[in-house]
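Order of writing sets the chain letters: A, B and C. Residues in each chain are counted from 1.
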Amino acid sequence: MKINVTGLQAWFGEHQVVKGIDLAIPSRQITAIIGPSGCGKSTFLRCLNRMHELVPGARSKGRVLLDDTDIYASDVDPVLVRRWVGMVFQKANPFPSMSIRDNVLAGLKLTHRYDRTDAPAVVERSLRQAALWDEVKDKLGEPGTSLSGGQQQRLCIARALAVNPDIILLDEPCSALDPIATARIEELLLELRRDYTLVIVTHNMGQAQRVAERTAFFLQGELVELDDTATLFSHPRDQRTADYLAGRFG
Amino acid sequence: MSEAAADAALPATRRGTRSRAPSGRAARWHERLIELGLAGAGFTSILVTIGIAGVLIYESAGFFREVSLAEFFGETEWTPLFADNRHFGVWALVSATLTTTALAMLVAVPLGLLAAIYLSEYAAPRTRKIVKPALELLAGVPTIVFGYFALTVVTPTLQPWVPGLSGGNMLAAGLVMGFMIVPMIASLSEDAIYAVPQSLREASSGLGGGKLETIRRVVVPSAWSGIAAAMTLAVSRAIGETMIVAIAAGSQSNFSFDPREPGQTMTGYIVDISKGETPTGSLEYQTIFAVGLLLFVMTLVMNVISHRLSRRLRAQTRA
Amino acid sequence: MRHPIDLTANRSGLLAERAFVWVCRLGALVPLAVLAWLLARVTADGIGRVSLSFITDPPSQLDAAAAGLGPALLGTLWLIGLTAIIALPIGVSAAIYLEEYDRRSKLSAIVELAISNLAGVPSIVYGMLGLGLFVRALALGESVIAGALTLALLVMPIVITASREALRTVKDSLREAALGLGATRWQTTRQVVLPMALPGILTGAILAISRAIGETAPLVVVGAVAFIMYGPDGVDAPYTALPMQIFQWTSNPKREFLTNAAAGILVLMATLLVLNGFAIWLRNRTQARRT
């Protein structure tokens, strides 16, 4: 499923953080969004599954087409959007009151799509897709929080995959993890792009180069440049992009 | 140089400071004494705890020398004031306590929990500012007022609807007790729900869960230890409640779980017998303490469980 | 090829969600409705009986119309006065000790445990402590001082907890400033911390008094009399109190006495309202002054 963003703006109260962005995200690829802190990349991401507006006082408007459906149309129920667009957060947040197995199934239970006979198959499939199955298959009944940081994040990915979204948004998913755990997740993302469209926000430029086909550079709420990753990093067209990549500001 | 002259030699802002502070060793003794005094004040709470346990055990010991534990816990008739055919089966009192407590929890738990969810998840800040203090007001009403209400208003209101409801009955007392306890459950549960981290709610929304599902499957289960702590504390409160049952539940002690009947709870009995003239040291006098000891132990157990549960909540939310 | 997705479908459970909000609202509204009902009924029952003579007359076993609250109010005044004199100094001192001196020692941990246990003990058990210890063992008899001592122990956890909260609101930097100037711990507490914590401590005191005024059960056990024609004339005198008198009236089989009970309740609630209103005013005033 591809995403087509036109004229997206977002505010926190009176303060505008996303100032009109047009961006096309191709299907079954990884698109990375990079930029300095506060440039609006996380806010932009949260607009793609209509989670931005859950914050009191927050507003967003524009057009975001998932294939041909505008998720900002007036009669759209935002909760339904999130069945197609999954999200993985910066800090792993498995549900502490649930076991590993129940965590994976949580999305289905929350959306009334839980089928008891299918459940074990769903659990195994999702955990395999998240490259976690071998490590937890013997302890599915243990609490979700008993795993290490990297494993918890993969559990959250499995949880997101279990509801079968077409798109997965990742908001700096490795920023709280050590390099080894990060590498495992990056490997995982490269596998996942065969079946899903992935958008990843990252402040780690190496990560963008390692996993993403396309990269967008945001600055102060605007899209400055969008290109194939290799091209963006080697021959940026905009001076601001070049300055950021060279580390002249962070 | 005299004190006054030394003082006068100081700049104006520091005059009079020399004489005020006690000097050297006297000052240290002074401080130590004060510290000991304050520590002593703190120590009184330990003394009170020991005192309560001590008085109850000492007087009950006298009772249990006369009445066997088997009779106390085995029989179901409680007639200590009868001249002959005296029975000391505490179950008659405990059954009334359990019945009124159960009725109270039946009212207080659903209302309290729902109110807590409303206040923390749905209510607008302005509504919250009115509703929360209003519930606190409910908690501040003296229990004797609730007793009056149960006797003169609730019982007559229920009588046409509940066949066989006697003038003093456990139903009215239990229900009113429940309303009295709602603020306690609401407030403590609200704290527990508030402590659930926002990231869990976000995770649930991100998976496509609506608000009801998020509350039902994520928020409340995560807050469960705190909610259970609140309920346990409420049970303790209901067990120890006196005036509502003393006024509205009648003073016949029967072994019965039928809410339409009158019942004398452990607390109701203690009040009833204290009202009359019981000579010190008599067996009747000692029954106060025997029943009191049982009451104390029951509430203590509930309080300890509640404390452990809320500690588990705190550990969980920190993790 | 995927079909165009439908984001406008009514998802299952939407109706349930709307109903749920209303059910939750009920959880808050039903108890408040019962409270309103209670207040309305008590007022309707009792307001006719409230008068100056009602407040000052002695009670009567036979004639409800002539019975009054005089001795009961005097008894309550004596009780509360003595309770405050006993509970406040000890309670505030204990709070000062826990907050200013021994913040993390073994003794404080045990004291804190004791206090939190005591807060959960039913009030009637305090009555039994009073009966066994003050009335009998210390031979104070069924006197107003025995009652006051009992109530003082009962409200002490409230005083301690509220005072500790109040002390905690004073910033550590102020304490450090005073200590840095060479003041001793007690001087710092007395001259810097206490004045700042005073409003909170006073609020705690008022809370404790409010609690003590409404308590009936411990007083019954500790020997407050149900019928007495005059107020206490000394700390060793017999006494009755406002809630005791109300209780006595509700136990009387004659209907007219129930009216008296309602009127007594109105006086009790009015007193509590004034007290708590004063506490709130005090808190607002001192907060405003500080900001």
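By our rule, contacts are C-beta pairs under 8 Å (C-beta built on N, C-alpha and C of every residue); 3 or more make two chains touch, one makes a residue touch a chain.
In this text the structure is predicted, and so the values were computed from the model without any measurement.
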Farthest-lying chain, centroid of Cα atoms versus that of subunit A: C
Pair sharing more residue contacts (C-beta pairs) when B-C is set against A-B: B-C
Between subunit C and subunit A, distance of the C-alpha-averaged centres to the nearest whole Å: 54
Separation of subunit B from subunit C, taking each centre as the mean of its C-alpha atoms, in whole Å: 13
Centre distance in Å when subunit A and subunit B are each reduced to the mean of their C-alpha atoms: 49
Subunit C: positions in contact with at least two other chains: 11, 13-14
Where subunit A touches two or more other chains, by residue: 79-80, 111-112
For subunit B, residues that touch 2 or more chains besides their own: 210, 213
Complex contact set, residues of subunit C against subunit B: 11, 13-14, 16-17, 20-21, 23-28, 30-32, 34-35, 37-38, 41-42, 45, 89-91, 93-94, 96-98, 101-102, 107-108, 110-111, 114-118, 120-129, 131-133, 136-137, 153, 156-157, 160, 184-187, 210, 213-217, 220-221, 223, 226, 243, 246-247, 250-251, 258, 261-262, 265, 268-269, 272, 276
Partner subunit A, residues of subunit C touching it in the complex: 2, 4-14
List of subunit B residues in touch with subunit A within their complex: 197, 199-200, 202-210, 213-214, 217-218, 221-222, 224, 316, 319
Contacting residues of subunit A [partner subunit B, same complex]: 49, 51, 54, 79-80, 82-83, 86-87, 89, 91, 93-98, 106-107, 109-112, 145, 156, 159-160, 163
Partner subunit C, residues of subunit A touching it in the complex: 1, 66-69, 71, 73, 75-77, 79-81, 84, 111-112, 166
